[in-house]
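Order of writing sets the chain letters: A, B, C, D and E. Residues in each chain are counted from 1.
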Amino acid sequence: MVNNNLGVKEQIQQNLQKRNKRLMEKAVPALLFTAAFISVLTTIGIVLTLVFDTMQFFRHVPFWEFFTSTKLSPLSREPSFGILPLINGTIISSLIAMCVAIPIGLTSAIYLSEYASERVRKLVKPMMEVLAGIPTIVYGFFAYSFVTPLLAYIIPDLGAKNVLSPGIVMGIMIIPLVASLSEDAMSSVPNSMREGALALGATRLEVTMKVIIPAAISGIIASFVLAVSRAIGETMIVTIASGSSKNFTFDITESMQTMTAYIVEFTSGDAGSGTVGYYSLYAVGFTLFVFTLVMNLIAQYISRKFREAY
Amino acid sequence: GGGNNSGGNAGTNEGAQNNTPSTGNNSAANSEEPVEENLSGAVIIDGSGTVYPLMARIAEEYMSTKQSGVSVQVGRAGSSAGFKKFIPGELDFADASRPIKDEEIEQLAENGLTMDDVIEIKLAYDGLTMVINKENDWATEMTKDEIVNMYLSGHYAADDVVKWSDIRPEWPEEEIKFYGPNENHGTYEFFYEVILEKQDLVATANLQQEYSTLVDLVSKDKNAIAFFGFGYYVSNTDKLTAVKVDFGNGPVEPSLETIGEDLAYAEFTRPVFTYLNGQYAKEKPQVLDYAYYVLEAAPQFAGETGFAPMPDAILAEYKSQLDALK
Amino acid sequence: MIRISEKEGTAVVADAKREIVIDTKALNLWYGQDQALKNISLQMSEKQVTAIIGPSGCGKSTYIKTLNRMVEMNPLVRINGQILFKQRDIFHRNYSVEELRTQVGMVFQKPNPFPKSIYENVAYGPRIHGIRKKKLLDEIVERSLKNAALWDEVKDRLNENAYGLSGGQQQRLCIARTLSIEPEVILMDEPTSALDPISTLKIEELVQELKKDYTIVIVTHNMQQAARVSDQTAFFLNGEVVEFNDTVTLFSNPNDQRTEDYITGRFG
Amino acid sequence: MIRISEKEGTAVVADAKREIVIDTKALNLWYGQDQALKNISLQMSEKQVTAIIGPSGCGKSTYIKTLNRMVEMNPLVRINGQILFKQRDIFHRNYSVEELRTQVGMVFQKPNPFPKSIYENVAYGPRIHGIRKKKLLDEIVERSLKNAALWDEVKDRLNENAYGLSGGQQQRLCIARTLSIEPEVILMDEPTSALDPISTLKIEELVQELKKDYTIVIVTHNMQQAARVSDQTAFFLNGEVVEFNDTVTLFSNPNDQRTEDYITGRFG
Amino acid sequence: MKQNTEQVSRMKNRLLLNQVMKYTFFLLTLVALGVLAVLIVQVFTQGIGWLNWSFLTSKLSLNPERAGILGVIVGTVMLMIVVGPVTMVLGICTAIYLEEYAKKSRFQSFIQTNISNLAGVPSVIFGLLGLTVFSRMFGLGSSILAGGLTMSLLVLPIVVVASQEAIRSVPQFLREASYGMGATKWQTIRRIVLPAALPGILTGMILSLSRAIGETAPLVVLGIPVLIMPIPSSIMDDFTALPIQIYYWTLDAVLTPEYANLAAATIIVLLIVLFVMNSAAIFIRNKFQKRY
């Protein structure tokens, strides 16, 4: 077995001496770093965009009034800018959504994680993914053209635009999120826990309620918090189905406006120039940003603690 | 939609210079220009929601039969919102359901545009229409004063919670739900300035950006009343009832036969406008071309979109103004 | 409370007069196509320790998990044959697995306390079986922990999380948890293999103590352990019972050549 | 092509006249605070097979990975001491790891072909080192596979995925891949421990063949294997070289008591 | 536990409760899927009659009888032509940097936190960013480019996370094998890691595009006009896209009821596109799963 001399060794040696290879090794990380930095720039961009014009806004409107006034009429001759009606609309629609998403999402998660056979799971999970993948505009259309008329049939007093219908539909949209994150949390509880409880003669239900859910609770709560954050940030469903009434009310059969819907309304109406109304867009956007950011940070914190548990 | 900058149009001038022979058909137009160019670029229009159906109809016809390369974009932010964009030069045309105000003219001047550069075009007549729910069988006829009074802040109740029975005792004792377009809209200002004579609107009035939302809200609420242009009523006669207004000579139903400066519905009649930025018309051939087309098509499509057409004489006058721009 | 006072001799000749608690008859078990248990027949007597030994993969865990039907958690499993627990067929449809498991407790290879307090771990069983009274629960917890020889070490920290305990303590906690519902039989699948020698010794002593009240089946890899703690031993190989005899006899005088090879360390 | 015609005697007395290819001088290595190699000094001669034996955790893998500086992929690692490869200090800053690794190839414990075709696996090395010509690549692939005794088995399926091969074939493919760039030295870290006996035999025969052209360092758990294939053997214990000698001497007449204990199976 | 009659009856109750709850859980799971079914049936019955060849191949119009969505489809496709490459390049580069170069550094955890927070920012806020930066500051107006860049930033976290996961799941021994041949880091990444991670990356890519195709709010905020008749021909043109057209038609359905049917028909098109894309993602995921 002789080394038939193909000059391979020599070629390799020559190639190793080439400089451009070394250059590549230096240039590539720099390029990649630049790309990675874009995501940081995006965040900076968002914050700067919001902060600048929000500051403009607070030159005209007192901070205190913005956060305490229940009167929002940005276009009147004597405009008033109280964000409370929007926060109220946002919270109420999100609460309705949670009332739908949490029970159904959590029970789906329990069913899939603790009861369903492998076959059922293989069937149901992709369907949940489909549900999660439907664009929100489709849900908006569904809320407007199906759920609102259906609800009006049940509740004759229901306004043509109301917060109930988009709230419910938002809840449906969020079910897969709650279901899949809670299921992850529950199925990551080690099987030995299940076995330990079952060996004591516990039924599936007792295992789930008294061992699995308590063990997975922080993961489950994190999924709820993320769901709230999603509901707060959801735009199209509420824009289409909940109208743009700026009244401060708790009546869920009436029209309300969320922060997101306000932004849409304002950009499709009067986004043209530097009026106070235009700046209010950014003040509302900034509030919305802070709301969701806080929610996300809470969720991250909870689920990080959760991961430390085992 | 908002936020369009007209900067995008500037670059298209060159493309428009290409004198490729016309392939467009000359439909009903008896244009004075012997050869039609193939134009391109955009024409940006925003403003009145009342005018929107008419202007959108004209735009579509223009794009499908005259210049398929030109993109005419019609928004409906409201007359006031339209002027706000028109003033800094974001628009080629600003539609309006009220005339431009002095303060807006001043702002124009600050942006280097005098009224000589702006051509005001009266497109058609609109009748402000009071609409109620189909199930409302009592308020189908009202006097002008009743309408004014019910919308006046503090006239019936200090907290502006007005009941139908406040107006006529035999009417139901239920709260009236007042609706209307918001302050972006010329219709609001017409109502406030001309009809209410600048007295405050009831505080309970629910003002909306989109006319479609208003139609929706009134059609689902028995106690609702709203006001907007006749066009939005005629396309929804199955959902809404128009109030017949008694101006002193018996109730008048708004219709193309009654809307007009000298006709029975005259008191609630107003012209609707579009304002052309003359500088852009000079710079951008597609804008000028479209302006000619608007004059030609406005009377043609006014009827089907719920407007009474302008007399030909007035339109001829505008045409000569356009000719002067060349 | 020193419970392990004197070490008794462990090698007890199988006692014919004792009641047979678990009677396995011609048991076969498959995972899908693979047969893991072949025609197993074994009797376990009351208050005796039965050790199950054999090389890895011979079916020890499978067999012991069949005794409380935990093996059926795997949907692939198919079983035929019979197991009688105190004369009742455990596979009979009127016999719920929950009922069976209350009577046949199990301790696992790796300690698996719940992520709860020590107290709650032991109280879990009684609670799900409907015992609510705080006082009764307190008593049960104390008694179980004492019987598992853990009480003295944890009595001042009952409300701390069970994960703060050492491995050996966790395993005794799991035993206490099993004792809390007073089963008849305790199954133990290599209960000491994850533990250090000292903890192992403690558990072995505990088994000696527990057999006064319970019937015990213990799987072990460690032949010394089997010899030390059990009364009878079954030697499994490839899913079959090669030899089943009282422990002294099996280790001193095996009948089968394969048993001898295994206990002298020639394979496995 | 029958290459393995006759088995040569493996026990060759260390040949003083051979050139020393790898010279390790007083090498120390730490993982963070833990010292894994202590004052290692070893010489490996040209075209000889050096076996490294020792119980688990003694530092065999760490040492062999130091020879091609793969050990430095772990950021915790700190090294002092010297390794000369053909008189050049491999830790010198002018000596790039890429250059070192082209000359000191490595075969791993678990076969680790790339998820590519057989052909592409072997052509990978030449390609990254700038060889583009299809014809030359074909020749290299064929020669390397022949030298790794794999050609006959795969020549008709060069474009199939390497993961379709058996474990033993995969390991020979990895050897072929190493040969493709014609290194001076081949490091093998327990190259047969994941393989069946027949594949192991094939690899052992291959090592015998390869040492005609290459210097080989082989880590093994299996003392018979060390005795069969190597010319010299180093016995590691707790990060130290206890004994280093020609294989025949080390196995027949160990100098150190610990070596004797280990090779007679008394521990490890 | 010692048996007594109370125990036995309790056992019966416990078992019953377990069964009851099992079916309750199952039924509630079905509710979610039931809604999905209702939604799809509703949209299809309303829209399928309007979905025909001429609807797909003609231009927009105010007249519902004549309206078609050719320009809308072209707009969506061109939007994806911007989003695809931009997201792909940024996403993969970021993922490589985080997984291969910045591993375990402070900078990595900073960017990682940043990305997961970005993933939770409401899309309407991205719209404001796009409006302020791309539309106004860069003067891109409501062009395809402005929309595409906004969308790219919006879906970037999806691609980054998916690519990171794919890169992480490439076994370390493949990298070692390559380094052992004297390959440099970049050679190893380019020739070994990326090809092995490609299926995972592609799956993430498809999922991010399908998110971008359905997003509406950022485009509304950018100010897409209601009626655009010319078919866009360059990325500097104004455009309209499937979701925004659905939005406008839904909004105007009050005035012209047939618009609701057009919206439904457009939704069918959108759902079919998404279905095909997601199937492709699942196919890729299953086909190339775990080959080592």
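Here, contacts are C-beta pairs under 8 Å (C-beta built on N, C-alpha and C of every residue); 3 or more make two chains touch, one makes a residue touch a chain.
Each chain and its UniProt protein: A = Phosphate transport system permease protein; C, D = Phosphate import ATP-binding protein PstB; E = Phosphate transport system permease protein PstA.
This is a predicted model, so every value here is computed, not measured.
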{"item": "Chains contacting each of chain A and chain D, listed by label", "value": "E"}
{"item": "Chains touching both chain A and chain E", "value": "B, C, D"}
{"item": "Relative to chain A, chain with the most remote C-alpha centre", "value": "D"}
{"item": "Chain at maximum distance from chain C, centres defined as averaged CA atoms", "value": "B"}
{"item": "Selected interface, C-E versus B-E, where C-beta contact pairs are more numerous", "value": "B-E"}
{"item": "For chain A paired with chain C, centre-to-centre distance based on mean C-alpha positions, whole Å", "value": "49"}
{"item": "Averaged-CA centre spacing for the pair chain C and chain B, given as whole angstrom", "value": "87"}
{"item": "Where chain E touches two or more other chains, by residue", "value": "1, 14-15, 131, 182, 184, 220, 223, 251, 253"}
{"item": "Multi-partner residues of chain B (at least 2 other chains)", "value": "1-3, 210, 213, 216, 219"}
{"item": "For chain D, residues that touch 2 or more chains besides their own", "value": "98-99, 102, 129, 181"}
{"item": "Set of all touching chain pairs, with the criterion as stated earlier", "value": "A-B, A-C, A-D, A-E, B-E, C-E, D-E"}
{"item": "For the chain D and chain A complex, residues of the former touching the latter", "value": "3, 96, 98-99, 102, 126, 129-131, 136, 139-140, 143, 147, 180-182, 209, 212-213"}
{"item": "Residues of chain A touching chain C in the complex", "value": "117-118, 190, 192-193, 195-203, 206, 210-211, 214-215, 309-310"}
{"item": "In the complex, chain E residues that touch chain B", "value": "59, 61-63, 131, 135-136, 139, 141-143, 220, 222-230, 236-238, 251-256"}
{"item": "Interfacial residue positions of chain E with respect to chain A in the complex", "value": "1, 14-15, 17-18, 21-22, 24-26, 28-29, 31-33, 35-36, 38-39, 42-43, 46, 89-90, 93-94, 96-98, 101-102, 110-111, 113-118, 120-129, 131-133, 153, 156-157, 160, 182, 184-186, 210, 213-217, 220-221, 223, 243, 246-247, 250-251, 253, 260, 263-264, 267, 270-271, 274-275, 278, 282"}
{"item": "Touch list for chain A against partner chain D, complex", "value": "1, 3-4, 6, 8-9, 11-12, 14-16, 18"}
